[in-house]
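One structure is given here, and the rest of the page talks about it.
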Amino acid sequence: MLNRLLITGAAGNLGRMSRTRLSHLAKHIRATDIEPFERLSDQEEIVTADLADATAVTQLVKDCDAVLHLGGVSVEKSYELIEAANLRGVHNLYEAARAQGMPRIVFASSNHTIGFYPQSQRLTVDAPTRPDGWYGVSKVYGEAVAQMYHAKFGQETALLRIGSCFEKPVDRRMMATWFSYDDYCRLMERLFTVPKLGCPVIWGVSNNSCGWWDNSHIGWLGWTAQDNSEIYRAEIETLPPRPADASDVLWQGGKFTADPIIKD
Amino acid sequence: MLNRLLITGAAGNLGRMSRTRLSHLAKHIRATDIEPFERLSDQEEIVTADLADATAVTQLVKDCDAVLHLGGVSVEKSYELIEAANLRGVHNLYEAARAQGMPRIVFASSNHTIGFYPQSQRLTVDAPTRPDGWYGVSKVYGEAVAQMYHAKFGQETALLRIGSCFEKPVDRRMMATWFSYDDYCRLMERLFTVPKLGCPVIWGVSNNSCGWWDNSHIGWLGWTAQDNSEIYRAEIETLPPRPADASDVLWQGGKFTADPIIKD
Amino acid sequence: MLNRLLITGAAGNLGRMSRTRLSHLAKHIRATDIEPFERLSDQEEIVTADLADATAVTQLVKDCDAVLHLGGVSVEKSYELIEAANLRGVHNLYEAARAQGMPRIVFASSNHTIGFYPQSQRLTVDAPTRPDGWYGVSKVYGEAVAQMYHAKFGQETALLRIGSCFEKPVDRRMMATWFSYDDYCRLMERLFTVPKLGCPVIWGVSNNSCGWWDNSHIGWLGWTAQDNSEIYRAEIETLPPRPADASDVLWQGGKFTADPIIKD
Amino acid sequence: MLNRLLITGAAGNLGRMSRTRLSHLAKHIRATDIEPFERLSDQEEIVTADLADATAVTQLVKDCDAVLHLGGVSVEKSYELIEAANLRGVHNLYEAARAQGMPRIVFASSNHTIGFYPQSQRLTVDAPTRPDGWYGVSKVYGEAVAQMYHAKFGQETALLRIGSCFEKPVDRRMMATWFSYDDYCRLMERLFTVPKLGCPVIWGVSNNSCGWWDNSHIGWLGWTAQDNSEIYRAEIETLPPRPADASDVLWQGGKFTADPIIKD
Amino acid sequence: MLNRLLITGAAGNLGRMSRTRLSHLAKHIRATDIEPFERLSDQEEIVTADLADATAVTQLVKDCDAVLHLGGVSVEKSYELIEAANLRGVHNLYEAARAQGMPRIVFASSNHTIGFYPQSQRLTVDAPTRPDGWYGVSKVYGEAVAQMYHAKFGQETALLRIGSCFEKPVDRRMMATWFSYDDYCRLMERLFTVPKLGCPVIWGVSNNSCGWWDNSHIGWLGWTAQDNSEIYRAEIETLPPRPADASDVLWQGGKFTADPIIKD
Amino acid sequence: MLNRLLITGAAGNLGRMSRTRLSHLAKHIRATDIEPFERLSDQEEIVTADLADATAVTQLVKDCDAVLHLGGVSVEKSYELIEAANLRGVHNLYEAARAQGMPRIVFASSNHTIGFYPQSQRLTVDAPTRPDGWYGVSKVYGEAVAQMYHAKFGQETALLRIGSCFEKPVDRRMMATWFSYDDYCRLMERLFTVPKLGCPVIWGVSNNSCGWWDNSHIGWLGWTAQDNSEIYRAEIETLPPRPADASDVLWQGGKFTADPIIKD
């Protein structure tokens, strides 16, 4: 059992769910976000902090033996916002970790690192990245940072390329990308438990029949996704059909591939 | 023949050589660097500019139909310097290009994107990146930016992972990584001439017998490296032997892999 | 839901089964074969036609928005018969489709396109073809025609390499090649429903434990074979053993590999 | 040395060159084409014959111990013409060979079997075919026929995918596809001499720096292409530039990919 | 049904289990070991023999139509012991089999042929061997002997790389390597029944979620492992955690990789 | 420069040539063979020793900083002879080396480790072994021993799979397998000079146009074979042709594949 787990992005959707469902992983949970938010239990320490502030991030990591890094920008935004949170913020996190015993990190990467692959192609994690916007670029960068700190200093990180982590799929593309809360939580339990983690890329996705991503390389973790979006097939097929050339029909990154560059 | 070629990093070693030896490629050369430097000929327009300054970069790209992007930090430095020149600077360049007709770009990437591969491994450009420091990370990021602009907008870039572009090899590792000026110049001629370039990764290396990098995928360019470091073998073998566990014996990135994190 | 589905080879085994079990896919079913046959319901239009007759085929495709092409020769026959039905016939079908809005086609290809692979080898659809007779050759040709029309004009086709589509397996080889009617029908539902199909090769086979063919590349279709021939294992193992050098023990194409060239 | 070599398509460009330059391979040359043509020497037997005529083809093959099959349609034509010469004609040739001792065959296949690959992709012969028209389809079929006769009866054939076999390259695409007469002739000498040939696919192309096709798999033949189109580079680069989206810039098959379907 | 099955190593753990659970495979079981042991039933012939004694081994194989070769050294030992039993002994067995009709052999190979692969790597049977001690070396040798006799004489052998064949997993590594008795027995039934076996390498492992070994290449056998070590997960996770750099955490071969060379 | 190089098998063909041509590599050469032989120079220490004698081998390795292991049986022989020299002898060598500072070893392995691959297949060193006799099996074993000592103790060995190392090729198969003395000597210079060797498998073959073996993985050594058997082509082609089904036409191991098992 962990002593103190830092959860960044704690006020977001995944952050809140993680605080509720993964509270058994650690004695203390340090939950942080850029804006104030409510405490869920006595177990939690709440800290408001900006990831772009190196001093603040050093304080966040202090005394933690594990980090679940969900924080930062998680959709397409302006370069300035992405630079602050996802470029500088990740730098700050890894420097803070290096200075403080290198707690194991789970890094929320994204399918948008490979968004420009067609949906008809099956991918292993060795496929070269094809980011679909500045957000995707920032996640390619984040993975590179983690791998560099692993090769150079031994810092362990799970690079979790999350598909669509929601209650259930709500459109056709999510039939492929859905990552159930249960599968997510079972994975977290393994990631923070296995004696040796290294720095693997992992597809954050359930065992969907119509999925695109091959996770056979991390069988050794002792985690196999169990949920399957097919139980929602009937419901999803009632939605109006999509045109054959729509971005969410063509590309694994879906509509992100059609996003323009966003200016402030 | 190009009308106006922008060369960034024009005061550096490669920049000066390029301005001398590639002047036939364009009617006008716009040469830029962060510090003042001397003009070489009437053909040149000299501009001092900081890549981190978006407005300045927009001015740089104006009226250019090609860009040779050698600018930015080219060795291991502090995060702050790398962020300004190699993260924000690359953002600025691609936004400037997108706004102004998408001139073809040659991007000076680096072998430090894959520096943590052992020297005994032969690599194709599909090998996942393994950067060996913050400089290497910034080049992984730059490649991702270029690929994203290509997939999204059609911007063409040659991602040239330069080995060691010098007069001649001066140590054992450079026997593998040496990129002769002649091979460099012949490649540039092709990169700015072929009707369609796309966004390929290219190893910037000569035809060294003891090289690690497989360029067979870009045969279609009509460029084959012709020089071979073996002509310097006798000279190099007179150097004192290196220990078997030295970073420049173990890793493709050489001593960069042993660099610490640099603070300002 | 489709408006009018053309089913060729409608009087054959698969044709009859498809007309019964897939009638919900379209408002109208146009069923055709070379010899007269009986109508199954009001929904059906019955047309007798020779696939070698271009004019007749044009009429067949008229007003159809989908084609299930089961017609033509489906076992080893003389070249003349195969040329008429499977070479010229396929030409006629694709020209008719091109002239009339390119209705989506499911093309009944065959495991006899790869019949000369040993049974001990697992195959992906990228394996070069190894046809086991003139019938197999004609299916390699049919796949080539479909791929050419897709690359050139955008015509969509599912190239379904059917194993053994019968009620149940009746010999040892069919334990590997069996394609259950249920799996077949579920696949057809997906093939005519997905927004974008392209021109994939698909193994038409159930989820048999002892199968040879890897369908993981079409996970995106949202179809996974569910039936498994192992439920018939006990029954099959009561059959007399086969010699180790029998064609149906050695080759994926089974006895077809031992067929002579058939003359009229 | 061969006794009697049958050369089909003998009146065509390659046919004439072969008769002149390969006359030392056999005591007798039987030269055939569909139209009358002139005899070049006493060594030659001239026969006019239609490949679609099975009886005539049987006579052609009689007493031959080798066949150089250059005959049939060699550019995009109507289906009817292709069916007669390239589908039925190939059937007739292989049946005639099977009945008469299976003389070794060199089959002139074509790069149009894979014409729809982009020029930026390097290909091995294992790449799935992507024909670029009916002519390309007929060559996929011809390769399938040869492979079937090899697997079933032991008939040996070299499947030679000829690029552009001319005096010299005359456009940019031919810099990649050029097959010099000298390389062609040296290859023929090996194909008719090696003790065991099997049924390999071979790229018929010179050692062009900018080529797309990897022939390393047939090193065992003892043939390595020696000519390189680069000696014509300067000449070719004087031609007007081609647009980036032209079919001869995009696709390996060049302008064939843009050909319409030809009707009689 | 077999007539007489020879089981070597019959007094060992696997030997005893096999004699009990596989007695239905043959009319007669000839059980042998180097030391005396008890007979289990009337069906059994008990022979004490040293595998290093060629004459004795010839007698063992006499009148047998199948061999389950579990005999020899099965853990790390001195070279002398391994030479006698696993080098000379295997020679003797294959020579005896060659002289007496080549009964089908199941050879108990071991995961220690590949023990020096990291646990984070998924392996197919094509991965080059990386033995983890003299025992592992002797099994690489045994596989080579079997493959040579197959290629040269047609002798069939199943090269079964056994993981950990015990009642249940008792440590973390065995979660990956566990081979249940039920899966073992079902596999044996298939190995001695299929009409043609050849000489495949097979991972002897159950269908463990956290396994490392890919058995998809022998799907054609009609055997799929059914048991999964995950049912013991809770029990195993109560064990004290292992350090990240322990040999049984790092390597597939576990503690064998840390064994010293053993002298008599 | 080495201090003392041990050359085993010193009286054989390769041994003598090595002593003559590689004498500059070390101050002292310790030359050993099982039978007495003559000293070539003052530099040499001559020792008669049996590799099967552990004590003798320990004495051989004493004070050596490098070993060129050419000793042992080098053609097909009885198991007893092979066991003594190639199994036990290799054990003795590696134990002696381990006890005495682990001098770098070059191990003469053989193409007979992969002799049962067809000549039409190109091989990388990752191809699973297919030995063609007991000699080939003993070399598979020797490679396994070396790899185990490397993984376990760091012992470095070059596993040199020698083709045919003679003055010149004398038959058709040797056109592919010829390893010139010059290429051999240049390779030895590199193997004993590079700072780090590891334990690579290397094809011992010249740069023959018609070769089967791909050495691109050891480019990093700084050795590229320079000789090419084609200069002997005309001479070789005057030899009488070989039947298509001869062992030396079919298999990479040539006539060894047809050798019977040899008894004393």
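All chains are identified by letter, namely A, B, C, D, E and F, in their written order; residue positions are counted from 1 within each chain.
Note that in this section a residue touches a chain if its C-beta (ideal position, glycine included) is under 8 Å from a C-beta of that chain, and two chains touch if they have at least 3 such contacts.
Labels paired with UniProt names: A, B, C, D, E, F = NAD-dependent epimerase/dehydratase family protein.
Computed from a predicted model, the values in this text were never measured in an experiment.
Novice: Going by the stated contact rule, which chains contact chain A and chain D alike?
Specialist: B, C
Novice: Go through the assembly and pull out the chains touching chain E as well as chain F.
Specialist: none
Novice: For the pairs B-D and C-D, output the one whose chains share more C-beta pairs in contact.
Specialist: Higher C-beta contact count between the two pairs: C-D.
Novice: Could you give the separation in Å between the centres of chain D and chain E, each centre being the mean of its C-alpha atoms?
Specialist: 52
Novice: Quick one: chain B and chain F, Cα centre-to-centre, how many Å?
Specialist: Going by mean C-alpha positions, chain B sits 42 Å from chain F.
Novice: Residues touching two or more other chains, restricted to chain F: which are they?
Specialist: In chain F, nothing touches at least two other chains.
Novice: Taking the top-of-page definition of touch, could you list the pairs of chains it picks out?
Specialist: According to the stated criterion, the contacting chain pairs are A-B, A-C, A-E, B-D, B-F, C-D, C-E, D-F, E-F.
Novice: Going by the contact rule at the top, pick out the chain C residues touching chain D in the complex.
Specialist: It is residues 79, 83, 87-88, 91, 95, 98, 116, 125-126, 128-134, 136-137, 140-141, 144-145, 147-148, 151-152, 257, 261 of chain C that touch chain D.
Novice: Can you list the residues on chain B that touch chain D in the complex?
Specialist: 193, 195-196, 198, 200, 216-224
Novice: For the complex, which residues does chain C have touching chain E?
Specialist: Residues in contact with chain E: 119-122, 172, 175-176, 209-212, 214, 230, 233, 237, 241-246, 249-250.
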